[in-house]
Structure formats: structure tokens, C-alpha cells
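Given below, in the form of C-alpha cells, are the structures.
Each of the next two complexes has subunit A plus one more chain, namely subunit B in the first and subunit C in the second.
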Partner chain A sequence: MAAATVLSSPSTFTSVVTLFGVGVLVTEFLMLRAHLLRSQVRLYMVQSFLVAAVALVTGIEQGNSGLYVVSVLSFIIKVVIVPMVILRLMSVDSADLSQSAIMKLPSMLYIALVTAACGFFIGVSFRTASVIGRGTAASGNAVSVDIAIVLVAFILIVLRRDVISQVAGFFSLENGVTLFSVSVARNMPFITEVATFFDLLVAAVVFGLLMRLHHMKTRTLSTHVLDRLKG
Partner chain B sequence: MSGRPGWCFAVNLSTYAVQLIQVMTVLLLAPLLSGAIARFEARLQGRRGPRVLQPYYDLWKLFTKETLRPNGSSTLFIAGPVVAFCCYLIVPMLIPVLTSFPLPLGYMGDILGGGFILGLGGFAVALSAADTQSPYAQLGSSRAMSFGALGEPIVLFVVFSVGVITRTDLPYAMAATIRLSGSAMLAPAHVLAAIAFFLVVLSETGRIPVETHSGTLELGMIDEARAFEHSGPAMALLTWGSAMKQMILYTILINVFVAPWGLASSTSAMAVLLAVLSLLGKALVLGCVFAGVDDSFAKLRLFKITEYLAGSFLIAVLALLVYLVGVG
Partner chain C sequence: MSAGTWLIGIVVVPVMATVLSYLFTSVVRRVATVVSGLVTLALSVMVALRVADGGRVAAGALFGADSLSGIFLLVTAFLYAATAIFSIGYLGGSRGMGGLIAQRGQIAQAVWQSTGAGKDGDNEEASRQWAVSDRFDKRFFTGINIFCGAMSAALVLSNLSLVWVAIEITTVVSALLVSLEDTDGASEAAWKYVIIASMGLGLSLLGVLVLYIAAVPVLGSSHALQIGYLVHVHGLARGTVELAFVLAVIGFGTKMGLAPMHTWLPDAHSEAPTPVSALLSGSLLAVSFYVILRFEQVTILNVGNVFPHDVLFVFGVLSLLIAALFLLVQRDVKRMFAYSSVEHMGIIAIGAGFGVPIALAGVMLHVVSHGLAKGTAFFGAGSFKIKFGTKDISRISGGLTALPWSGSLLLAAVAALSALPPFALFRSEFMIVDGGLSAGQDLGVVVLLVLVTVAFAGLSWNTVKIILSPDRLEVAGRQEPSVWMVVPMLAGVVGLILLGLHPPADFMRLVDSAARELTGRVAR
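After this line comes the complex of A and B, so read on.
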């Protein structure tokens, strides 16, 4: 009874949604240090699972059935299909990515932390804007976390010179945008949400093929060798 | 009253007596906790394992032996284990071990003060090891201080997080905040601070991924190497102190961050006894979690430990950050 009361209180919903959002951010930090293709993909799975959980919890809080569908689709496509497609297309699942970082891990983490802090503070100023200001506390908090997620995804893409991490960064960025849409633009047309998911599926196949092609041609997953067009 | 069975449980103890029981709980139950964890760990590895009471027999054996001092060592060699042991006796007075309300001596120091006293204990042991002039003990001493210096900021940020969440530096207040509100337990700042502290406890108790606490390879040792040259009662104090430090850290993690329930809300003997049993139960569950972590991961190479600590630091900073920007 007490547990049900706690779970039904709005502040608990806000805490859970924000906690999952912060969890997504933490998985991005872990992606910065992932050394294997398989661990990078697993982290993406965990991250996508958290995004699906945010959609589900927000759906329960708002009584919005569209968000249930978003949650289920998010789980099926991002947690099951996309990782499977990437792992199937890349036969080198134990590839070592540890040399792809352009600087030492602690430095990367601190840069990512400062970037996340910038995202948080940008989110705080966003929260005062009229559109978001009318939202719930959960959406207000989520804006800060979502902006931080998007910015740290860029950092992941910039600081890792292997195709797997860059694709994982791109997909993380997409997760950040999905979280943003779930928490702020809940009334986005459903067909737009579904179209985004199927775009992601196409992107996974295309990226998977590109990664495979790159690996077949260069025998490495590093993008460092792609310097033919360099001046 | 005195004619009825169980009358002694209805007796109200003085707060100073409860304070003493708090210290005695950590002092006497710490070896039991170590023994139970060692037994569980052995079972996880498919071994029969030592008896749960084995640490008490080991302590008894060590106390009955003589203390040998290496040539050239000074009184620091003997003073180190004694100072460390005293430090580990002081900390249980400052933290919520058995009661949900602060006891008189609990105001002697805040959570930061408790951290400093624990640090002083570690420093005394390291100094004692450095005084042995043995290369392995000095190696352990140097490593423990180096990694300890990296671990300090994490503890500081966890403390700051606790401070800004509760607007006080008393660990009792943090526990009360969590007990009063279920959503406070799920607040991102609190969860992140708890995770950071969990990682610090793994590191401070010499557990994988930082150290193999049961390993015998000297070159991979950190904390374990510091006790190499000690023997007899001094070694017993070090072993006992190490078990007490483990129990203190578990108590802080449980009674301040994760599960501050089951604490005595009055000074009645029954409530205190139940709090002792509750603490032991919770500490055993947490010990099993640590043993599970120990058996599930590989030890990090020495130069990778900085990455582990950097990750913990990042989580601790993130905890403070999400709270300060109003996210958690």
C-alpha cells in the first residue's frame, strides 16, 4: 500500500524519469571507455532500454497510450533489432577499439563532464522559456538531461576514431532526441515517431554495411586511415 | 517488572550506553562479517571455505604470539596499527550504526570528520609499513597513498552531495531524509552519490576490480602489502582494524545511503538489540553483493585503476551537478 502510494506520487515519477535520463547519460560516459565492439553495442542496448523505460513511465504518468507504443517500438527496434543487425553485419565482434581514443580516458571523461555541465546549464535557461515552462517538473528536468546527452554524444563521435564508437555516438544522439521528444513534445504526431524508428532501422543497416565495407577495405575499424582527401 | 520474563528488554538504556554498544557492535561483529563473506565467497567459487568464526580464531592466535620488529624500524612500526585501530573505534561514534537519532558523541564530528579519521587510520598503517624498510611493504604503502589520494576527492564530492541535499553535514540527517520520502531515495543525485560511494567502498576494502584481497602475488598488492612485516598482536590489530573499516564503510553505505531502515528510534534495550540484528543482516546481504562483484569481474591492471577512480569521481561530480542545476 505504502509502495503504491509512493509510486503514484508525482515527485516519484519525476525522480524515476530523471533518474533513467541520467542513466542514459552515464551509459554515454561508459561508451567513451568501451574497448570492444560487443561492449559498445551492449551499452547502446542498455541505453535504449532506459529510453524505452522513460517512454513507458511517462506514458503511465500522462495516461498517454501513444507513449506505450513508442516504448514497445523503442524496445523492439533499438534493444533487439538494431544491435542484432550491427553484430550480424560486423563479424569482428571482439575487435579492439582501445587505441581509437584521441586522448587518455580521464581527459576524455573530464571533457565530457564539462560538456554535460554546459548541457545542464543550457537546459536550465531553456526551462525558463515559455513553451517548456508550461510543462511538468519531469519535462523541465528532462530538458537539461537531454541536452547533456546530445552534447556528450557529439563528444563521443569527436573523441573516438573508430567507426563503431562513431555510429554508437550517432545512435546515442538519436536516443537523446527521442528522450527530448518523449518528455517535451508528447503530442508529436504518432506517425512521425514511427517514421523516426524506421529511419533508425534503415540507418542501422546502412551504417552496418558501411562499417563492414570499411573493415573489408582497410582491415581496421579506425577512421584514422581515411586521409586520402586530406589536403 | 523485574519478575516478568524479558524485563531486561524493556529497560531504557542511557544514550552513552547505546553509544558504547554502537562501538562494541562494530568491534565484535566485524570479524564475524568478514568470516561470513569469506565463507560465501568460497561457496561461490565451489569451495567449502573457512568457518564463519575463523577470523576470531585467527585473531586469538595472533594475540598469543610475540611481535617481531624488523631491524632499523622505529616505534612508528608498532604505533601505526594501534593508532589505526583507535581511529576505527572512534568513527562508529559519529555515524548512524544503531540509532536513527544522533547520540551525544555523534556531534564530535560530521561526516567529513569521520572520513578524515578513517584517512588518518590508513595513513598510520602506511607510515608503519614505510618504516619497515621492506621493499614490498613500502611498495604497498606508496601505492595505497597514491590511490588513496585519488579516492579522497570522490569521498569529498559524495560528502558535498550529501551536504547540499540535506543542508547539513550530519549523516543522520541524510538517513532521515531518505526514510521520510520514497522519492528522495530515487533522486538522481542520491542514486549517483550512492553508486560513487559503492565504488569507493570496493576500492577501500581491497576488492576486485581494484585489488585481489585474497591474492598472494606481492607485485599486484596494494593494501595487503602494507601488513607484510607485521606479526603477533600488531598484526592482529591490523587484521581486526581492516575488518572494522570494512564494517564501518558498509554501515555508512547501508545506513546513510541505501537502506536506513531498521534503526532504533528509542534507547530501549529491545530496539537496540533489533537494530544490531538488522545491521548484521543488512551488512551480510551487502557483503554477499560485494562477494558477487568480486567473483564476476577481473582485476584491473595497476595503471588502469586511475581510470576506475576517474569514473567514480565523474559519477560523484555528476551527483553534485544534477542537484545544483535542479535536475535531481
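After this line comes the complex of A and C, so read on.
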């Protein structure tokens, strides 16, 4: 009850959502610089936990029970199941779990910072062009943060050449979209949320299967070897 | 039975076939898949006829279809049925001809028979090989049914976010199907496909959410993603709708094979089992385009037609340019047809970019015709792969001698893809060019014609080499791998000629109605 009272203040709620969003973005940067792929997966767990927390906070603020379910599903699928699938796969090959970056760390971080800045600018122009004052939300800086998260996820996928980082990048991108869905595009139909989670679950299983197939074929988790098909 | 029930049937029938394929033996799998394909085709034709004059059929708030859906349903259902029939010959044929897919099954059969393992059951290796072969068979037919069911569902679902879910399911299922042949190439192609397509779909989901944000103030949260409402709504925030449209074009355009997001496509289409290649190329690209058109409808109503048309035109020209150049240097039959798909998606996007009714009618006809032609072409490539044991163009010759039916039909399909008369693609491209001229897009028409001619050179040169050149390799016998593989090719070519020479009146009413859906409520 106390939490609901505190969060019912729009400024407090917006601050909390933005703070958690920034936390998600920070975990993405940490994923980018993580040397060990296991660390990336653990950072993804933290990131997903933050997303689940945003759903819970938003649910409390809105009194929307659907968001509680979203929060619980986020926790179960993203904090527990997806990392478990990836870590189980990694247990079969621990030889090359680091050094998959295609450039030096400072260069990668510079690129990610510039990309995040672009995301912020897109978010700002998006807010001024459209939704503020139209009654659908747009939690302050949350739009900018969410778009930055999505764009930095692309950097993670492109600049790290191993299947774990690419999958982590994809799920991180998905976290950014989920955050956007929860904090900005509120009151999405419940069936949409559930269907999206189901879809994510299927995607996690398929990614796992294809990672395993890749490992069986190449005996590595690196994607450097994927250069057979050209032209 | 009401029209709404037909829509439910279009989704439920493939699901039933999926369950049967997973649970029962190879014969049941084949029967269930063919029956499901044919029933889905019949239901799609009935829906298309119902909406041919405009209007909409619906089943509750979940399912709905209009003439635009009807066009894409026809091509998806036709390829579902054709692929189901072709697959019977392809899997059986490859076993019989010492071919591709069931090599393990063939080896196992030989071991089984030579050792008498079938009698005493003591040959574990043969037993294991049979199990692997049966597992492949089960995964193939189960996957095909889920894949086609998800594509059909994307076309009849009323909620845009659920359409996205259906498209994402097509991605994960088809990625597994691409990897099914278990080669190094298939593994590489599947990985690239699932990563690139998923990234694209992540962006497209963002596009759906942005559109939702734009629509909520006008439609309310319960109707904000309902297609039936969205395609009539005015007064959405301009900047938001524009952002949603761009995200949708990039995101769903990745699945559609628009350049520069097309890089997964040649790999996946060339390494997938041939029936899957046909579905990827003929159906999946079209279904992705369908979703882009839904976004375009909303964008035109709220932003005007210049912005969406320009965006589509730019992506179309880029796709056509890249495809035309790569077609000149292809050495792999299936890869060549994959680039041909990028080419035709470019033509379709350019036609949509012209935006006038005649061009849009041409685009609708092109979607159907391309599905028929590309399905036939990939089926032909599959027959050649089995007969010659390779996809390498330099190692194939005398196709017409070795495969008189498949060779002739493949030649006809390539002629159709090159937009030669009397095939339907000639008519559709003519309509698109006519539309471009009437829209005053003379330069666009010139670019289109030049690039199409370059693509024609690459496609026809390579096809002539494999089909009409003398049989220097002396491949044994003038024998088709299977009659099951010829029948769907024949149906495709007959359809192309029919739609080219004298398209049925009902079909043309559907085409016109779909074109009106895209132009009839243009905001100026």
C-alpha cells in the first residue's frame, strides 16, 4: 500500500522508471565490455530483472493486474529460463569463451556511446513530434532510454563475434522493446503481452537448438568460421 | 458454414496437420499435409471470392480478412498445397535417385536389407539410421505445417501485434527447417537467418508499439492495433506514424528481403531443403510485404502518400540494383533464384512506390504471379539437384534431355520470372510500368526497365546453360525423379499462363479491390 502511494506520484514514478531504464542501458554497456561470455549472460539476468521490476512498478502505479503477470512472466522466462538454456549450452564448450570482440574495447564503447546518444536524440524528437499531452503516457526520458537500449543491442550483436553475444544482444534488444511496451505503450492488450512472451520462449528454445547445431558443426562458439556462404 | 468459420479453418487445419505429422507415421504425415494444403487452398479461394468486391469477413475480434488479405492468402495457400505434393516426390524421389534429403535413409535401407537386420533386429547401426531418417521426415512435415499455418494466420489475424507474433513464429520455425539438411552450409545459413531476421523483427515490434501509441488517443487501447479500425482511422500524430512506418519497413523489410537487409536471404534460400526454399521465396516474402502494406495504409491516411511511396521506392530501387548485379555472377542455381526473389521484391516495392491504382493492381498481380513462378522455379531446381547431384551451374547441362518435364517447366518459370509473354509477370510488370508513367515517374520507370533487363540477362544466361546446352555430362536416362514433383510445377505454369492471357474475372475484381484498399482513401 505504501509503495502504491509513493508510486502514485507521477514524478516519483517517472523517476523510478527512468532510473531502472538507465540501469538496463548500463548493463548493456557492461555486456559489451564483458570478457567472459558467462558474465554476459549474468548481466542479461540482471537486465531482465530490472525490466521485470519496471513492469511491477508500472503495474502498481496503474493498478493494472495484467502488468503483474507480465512482471512474473518476465522473471520466469528471462531471468530463469533463457539464461539457463544459454548456460547449459556453454557448459559443453569452455575453450573459447572470451575475446570475441572485433575491435578494441575503447573503440567499441565509443561507438556504443555515440549510438546511445543517437537513440536519445531520436527519442527526444519522437516525444516532441507526437505523444506528449495526448493521454497515452510517454514517461519522460523513458522513450529516449528505451530507444538507446534497442540501438546499443545492435552494437552488441555486430561487434561481438560469438553466438552467445549475438543471442544475448537479441534478447537485450527484446528487453528494450519490452521496456518500451511497459513504460511507454501502456495498457497493451493482455493477449498481446502473453503471446509475445510465448514467442520469446519459443525463440529461446530455437536459438538454443541452433547454437548447439553450430557448436556441433564447428566445435566453437565463435562466428568467425561462418564465412562459407558468400556472393 | 459462415465466412468467419473459413478464416478459423485456415488456421486450425494446418494445426491439425501439425499434430498428425508429429504423432503418426510417414504415410499419415504426407496425407495430412497434402489434405491440409488443399483444404487451406479451398478455404482461401472461398474467402477471396467473398471479399473480391470489397468488404470484410470476420470471426470475432481475432480474425478478419479483406481483399488485400485475400490476394496474399491465395498465393500462400497455393504454395502450401503445391509444396505438400512436391515434398512427397522430393523426399521419396531423393531416396530413390540416391539424392539429397534421405541419403541417410537410403544408406540405412541398404544396410538393413544387406544384413537382414529387419528380420532379426540385431543391426543397431541400421536401426539408428532409420530412426534418424524418420526423425528428419517427421521434423520436415511438422515444420512445413507449422510454417504454413503461421503464414496463413498472419494474413487472417485482426490484431497487428498478433500478426507480428505469427511472423516471428514463421522465423523460428523456418530457421529450423533451413538447418534441417544438417550440412555446414545449412547450419551457417540458419544462424545468419535467425539472427538477422530476429533483429529486424525486434525493430518491427517497436514499430507496432509506436503505431499503438499513435492510435490509442483516437481508437482507445482495445482497438488501437485492430487492422479493421486502423485502416480507416484519421488524425493520428504525424511524426509517430512516420516513425512506425519506417520501423516497419526496415523490420518487416528484413524478412521481405529488401536491400540492404537482404543478406540472410541468398544463404537461407540456397541451403534450405528445396520445398522450404519455395515457401520462403514465394510465400514468406509476400506475407512480410503484406504487413508493410498494412502500415502503409495507415501512413497514407494520416501522413499523405508522398512519404510512404518515397520510402518504398528507395528500398525497391536499391533491392533491384543489388539483385540485378548479383544475378550476373551466380554459380549456384538456388542462390540465383534467391537473388531473383530480391529482384522481384524490389519491383514490387517500386510498384507500391508509384502508388497509382494501375501500378498497385500490377503489384497485387505480381505478388501472386511471383509466388507461382518462384515456387515452380525452386521445384525445378530441386529436381535438377536430385538428378545431377549438384546445384553448381557449371556442373549441370542438358537439363531438357535429362528432365524433359521438369526442364521444360523450369524454362517456362524462368521465362515468366523474366516477364516474357504470355506469362502473368509480363502483364503485372507492364501494369507497374504503365502506372509509373501515368504517375509521371519517368525516371523511375527507366531505372526499373534498365535494372530488370540486367537481371534478365543474368537469369536467362545461366538458365539456358543448364537447360538448353548439350548433355555433355551424360547423366543417366530421361527420367523424372517423381511425378509428384512434376504436378505442382505444371499447376504453377498453367496458372501463370492463365493469369497472363485471360485472368478470371473474379480474380481481377479481387486485384482491383485490393488496389482500391491501398488507394481509395488517400489523404491529400
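Note that in this section the second predicted complex is superposed on the first by the 206 of 231 C-alpha atoms of A that agree within 3 Å, B and C clash if a C-alpha of one lies under 4 Å from a C-alpha of the other, contacts with A are read in each partner's own complex, and residues count from 1 in each chain.
By definition in this document, a contact is a pair of C-beta atoms (placed from the backbone, for glycine too) under 8 Å apart; a residue touches a chain by one contact, two chains touch by 3 or more.
Remember, predicted model here, so these are calculated numbers, not experimental data.
Undergrad: Identify whether subunit B and subunit C fit side by side or clash on subunit A in the overlaid structures.
TA: fit
Undergrad: To the nearest 10 degrees, give me the subunit B-subunit A-subunit C angle using C-alpha centres.
TA: Seen from the centre of subunit A, the opening angle is 160 degrees.
Undergrad: May I ask you to decide whether A:S144 touches subunit B, subunit C, both, or neither, giving the answer as first, second, both or neither?
TA: In the superposition, A:S144 contacts subunit B only.
Undergrad: With both complexes overlaid on chain A, does A:P106 touch subunit B (first), subunit C (second), both or neither?
TA: The first partner, subunit B, only.
Undergrad: Who wins on subunit A residues touched, subunit B or subunit C?
TA: It is C that touches the greater number of subunit A residues.
Undergrad: Could you say whether A:A116 touches subunit B, subunit C, both of them, or neither, answering first, second, both or neither?
TA: The answer is first: A:A116 touches subunit B but not subunit C.
Undergrad: Pick one for A:V202: touches subunit B only (first), subunit C only (second), both, or neither.
TA: Touch status of A:V202: second partner only.
Undergrad: Regarding the shared-chain residue A:R33, is it in contact with subunit B (first), subunit C (second), both, or neither?
TA: Touch partner of A:R33: subunit B, not subunit C.
Undergrad: If you stack the two complexes on chain A, which partner ends up touching A:Y68: first (subunit B), second (subunit C), both, or neither?
TA: neither
Undergrad: Nearest approach of subunit B to subunit C by C-alpha atoms in the superposition, in Å, rounded to an integer.
TA: Once the two complexes are overlaid, subunit B and subunit C approach no closer than 19 Å between C-alpha atoms.
Undergrad: Under the contact definition given at the top, report the residues of subunit A touching subunit B in one complex and subunit C in the other.
TA: None.
Undergrad: Going by the contact rule set out above, which residues of subunit A touch subunit C in the complex?
TA: 125-126, 128-131, 134-138, 150, 153-154, 157, 163, 166, 170, 173-174, 177, 180-181, 184-189, 191-192, 195-196, 198-199, 202-203, 206-207, 209-210, 213-214, 217-218, 223, 226, 228-229, 231
Undergrad: Report the residues of subunit A in contact with subunit B in the complex, numbered from low to high.
TA: Of all residues in subunit A, those touching subunit B are 2-3, 6-7, 9, 11-12, 14-16, 18-19, 21-22, 25-26, 29, 33, 105-106, 109-110, 113, 116-117, 120-121, 123-124, 141, 144-145.
Undergrad: Mind pulling up the subunit B residues that touch subunit A in the complex?
TA: Listed in rising order, the residues are 181-183, 186-188, 191-192, 306-307, 310-311, 314-315, 317-318, 321-322, 325-328.
Undergrad: Tell me, which parts of subunit C touch subunit A in their complex?
TA: Result: residues 159, 161-162, 165, 168-169, 172-173, 175-176, 179, 182, 184-185, 187-192, 194-195, 198-199, 202-203, 205-206, 209-210, 212-214, 216-217, 221-222, 225, 237-240, 243, 266-267, 270-271, 326, 329-331, 335 of subunit C touch subunit A.
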